[in-house]
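Two complexes come next, and they have one chain in common, chain A, joined by chain B in the first and chain C in the second.
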Partner chain A sequence: MRDETLLDTLKRRGISRRGFLKFCATTASMLALPPAMAAEVAAALGKVRRPAVIWLSFQECTGCTESLTRAHSPSIESLIFDAISLDYHHTLQAASGHAAEEAREHSMKQDWGNYLLLVDGSIPLKDDGVYSTIAGISNLQMLKDAAAGAAAIVSVGTCAAYGGLPHANPNPTGAVSVSEIIKDKPIINVPGCPPIPAVLTGVLAHYLTFGAIPDLDDLGRPKAFFGESIHDRCYRRPFYDQGKFAKTFDDEGARNGWCLFELGCKGPTTHNACATTKWNGGTSWPVQSGHGCLGCSEPDFWDGGSFYKALSTPISPVTGAAAAAVAIGAAAGVAIGLANRQTKAAAKAAHQKATIADLEK
Partner chain B sequence: MNAMDLLLWSRGPGLGIAIGIFLFGMVLRLFEIYSLGRKRDLAPARTGGEGSGWRTMFTRSVPDRAQFKRSPVVFTTGYIFHIGFFIVLLFLLPHIELIRSISGLSWPALPTPVVDLIAVITLIALIVTLIYRIMDPVRRLLSTFGDYLAWTVTFLPVLTGYMAYHHLLFDYTLMLALHILSVELLLVVFPFTKLTHMVTLFISRWYNGEWFARKGVAS
Partner chain C sequence: MNGLNGIGVKVVHVGGNGNAHAVLREIEARLQLLVEKGEEGSIDLSGLPLMPEDYDLLEETLGEGEVVAEVHSLGPTRIHETGIPGVWWVTHYNSDDEVLAEFIEVAWCPEILLTPEDDVKDGLEALRARLFELNPKSPLGGAPSLDL
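And then the complex of A and B:
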């Protein structure tokens, strides 16, 4: 099985060559590669020999795994997952306890330097990382050990990429992202809460085809999927430009599908592929279902104020600071006013009248 | 610190600090001005001055024909950028949302492309005023650091807002953060530069008008 190529596996699963080529063409176009590259993607992917993948889950909710495995119908993306040699994954593997850990160690040893490490969840650093351990090993230690032999790391989901929900203020476990710990390996961030399945398979396909990580933006995300904002690709964008906004979730504007900016949509500052790739096999996506974007693929999206307040509003109340400033300003103003009056009075008191006699001196 | 951190800081603590300094400075200034007081006018007033004070606040906002002829550039660009600045400030939806979240007041927004056009006109008018100030020897001589500072902090919010909307130079997130920070810079320097004229202008006009009436001069 280990020597079987990806194309063999897919054929065995009843995927035609035509279906496989369609997937390759779609992936190539999603990655913004020239159409001619589709053939190359197909050739490279077809020859791939079940790459070893170790998937570590740290402080996470399993939402990322759910997103990537719970497609309504078996998609070619999920079959790609079947085609990689997923040697260790808490949720998906049959083995448990020490047997599971042995599988991980065995895989690491066998493919040292070549395996792909996928991580979801953030890593707690506070109190020596006691807040999350697996088989008595802290997340920090396990990540360091596994990263040492990895060819590349993919941070799956916002927690692994930027700390996510565990990192939210006040961050009780001292949670950090993978990239804050591992500095000497190529890391691809695939953020999202959860990330889009097609984006992850696209990134994996790119890596398997070219043997290198795709072009990344300054937050470590593949530019092909995270290069544009939700707002710029949103089908409701014309309503923003026309000044037509839904004011509540059940008013006429909401029924007409107008822009959700006033209801707190974070689309303008969020980079993801939801607006183009959509979810659940292209069925819909949050904005299409009538809810504003939460900005889940951006760092610290939990700390960006209410999900239901417009992007241009303050994230913390300013009235307290304003009242204090007015009071201090008034007090300082009165003090300066009194000082000015004293100066004036002193000048008046020191004033000497000049007489004709003085001038004649 | 990434762009999102900067944006969150500018929408949170940064805004609090800027509004705090702005209100502190403005209240301080107004108390200071008011406590200077006026000397008692011992002469009997010709007429009651208050109505004249209110009237002058409006009449002096209309350009005087003779003065307009002497420096048409200053008047034209001055009116354009003031009006343009306030339209952009008060009629772009995200700005209205900000005002609504703080004060509860709101009104209909203008379509974004209209505001966009007005922002461009405002920017051009501001640039012309700067060029005119630098080219004209008398205006250059009279200009101080404070004048250039006031121009810069007025220009930056319009420029960064325009650039953010059109995704120029930086990504929207970073540009939006810079836009909000530029407004915060405006708020911080506001009470300590000639920008205070936004408030004191009306006080001094009322004062002038009232004084005219007491002296029996038409306002």
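And then the complex of A and C:
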């Protein structure tokens, strides 16, 4: 079982060649690859071995796991989960207590250097990490031990990727992201609060298919899903371009489906796949339901000011040049190398309207 | 998705966002490639955000053709040729009838409808095995073997 490829797994389950073709076409679509890449997906699936996966949950709310278990295309995504060997996940596994921890240790030993480590939740560092422990082991220690033998790490959700809610001001537990602790392994960030299930399975499918991690942006996110902003792919974007904005949640503009920018939509500064992949089996997504984007896949979205203030308004009243300089410095530190974000942060601090040209940079 | 039907939501559509026109132009370009070079192609409909009106416009513009087919593997896949010959609408569903992926294929025949070569070879063996069961005495199942 451990040595079989995904193609073997599919064959064993009696999937026909047409079914395999469908699987590849759907996977290519999920990975946002051009349809012509389906043939390459098929070729790659015949070669890649079934990886072991260890999933560690730290300072989190289990929302990421909840999201994932509601992945909407059971037949395809269950195949992907059949194709991995999920050896430890303390919420989903039947074993508990010593047996559970033994399973983790056994899997780590057996696949040392080769397993994929998935982490959700942030890691508290204050007071020796005493604020979150599993089986008496601090999250910090467990992460370090498990990361040492991992081929790659996937930070699932905004907490693991950027610290998330536990990291929000005043951060009482000293929570940090995985990437602030582990520096010597490839880390794929799949942020979102929670992440879109199809995006996580897409990342796993990519790893399974090509045996390598996908192309990442400068915040460690797979470009296939986080390469464009919500705003770029928003079906309400044409209204933004026409200057048609809802001013309140119940005015005529809101009823006509106009742009929610002035109601605080963070779409222009948020990179995620909600606008195309949508939620709940493609039923809808926040903007389609009439509410602006909260920006949940971006670092420090909890500390970004009101969810209901337009991006062009400052986070807090700016009293002097020193405060503005601090605000710019802090914002720039978060968004290293992202000139467009810095422009927007500067615009926020100086209380200027961000122009369309700024947003499109 | 059953629960959604129980929620009293009044859906008001306010018009498409214009992306259907882009898809239609891409179909035109691909169809020209098929005619001139015999090159087949496919468009993933999840690539551009389309509103219900955009789907309506796509469907109305392309129309209905002569062929409707369904493949049952990993849930149904429904295929129909549009009113523009060579332009096929292929929708993959899962076993719960939810859409997994949707493509416009510009091709002589969508790949998923063609019988895979290996399946044909397996089929020949399966047929011979069945003929052998009918008449175990002959190595080829008793039927006169034809040199094709």
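What we mean here is this: the second predicted complex is superposed on the first by the 272 of 361 C-alpha atoms of A that agree within 3 Å, B and C clash if a C-alpha of one lies under 4 Å from a C-alpha of the other, contacts with A are read in each partner's own complex, and residues count from 1 in each chain.
In the analysis below, a residue touches a chain if its C-beta (ideal position, glycine included) is under 8 Å from a C-beta of that chain, and two chains touch if they have at least 3 such contacts.
Here the structure is a predicted model, which is why all the values come from computation and not from measurement.
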Between chain B (first) and chain C (second), which, if any, makes contact with A:A94: first, second, both or neither?
-> neither
Using the superposition on chain A described above, determine whether A:R233 touches chain B (first), chain C (second), both, or neither.
-> second
Identify the partner contact of A:P35: answer first if only chain B is touched, second if only chain C is, both if each is, neither if none is.
-> second
Would you sort A:R17 into first (chain B), second (chain C), both or neither based on which partner it touches?
-> second
Partner chain in contact with A:G257 - chain B first, chain C second, else both or neither | second
Is A:A25 touching the first partner chain B, the second partner chain C, both, or neither of them?
-> second
First (chain B), second (chain C), both or neither: which does A:D218 touch?
-> first
Looking at the overlay, what does A:D300 touch: chain B (first), chain C (second), both, or neither?
-> first
Examine A:F245 and indicate which partner it touches, taking first as chain B and second as chain C; both and neither are also allowed.
-> first
Sites on chain A touched by chain C in the complex | 15-19, 21-23, 25-26, 28-30, 32, 34-36, 72-76, 79, 233-238, 255-257, 275-277, 280-283
Residues of chain C touching chain A in their complex?
-> 1, 4, 12, 14, 17-19, 41-44, 46-47, 49-51, 71, 73-75, 77, 92, 94-96, 98-101, 103, 111-112, 116, 118-119
In the complex of these two chains, what residues of chain B are touching chain A?
-> 2-5, 7-8, 11-13, 15-17, 19-32, 34-36, 93-95, 97-98, 101-102, 108-113, 167, 172-173, 176
In the complex formed with chain B, which residues of chain A make contact?
-> 218-219, 229, 231-232, 240-243, 245, 261-262, 268-269, 298-301, 303-305, 309-316, 318-319, 321-322, 324-326, 328-330, 332-334, 336-338, 340-341
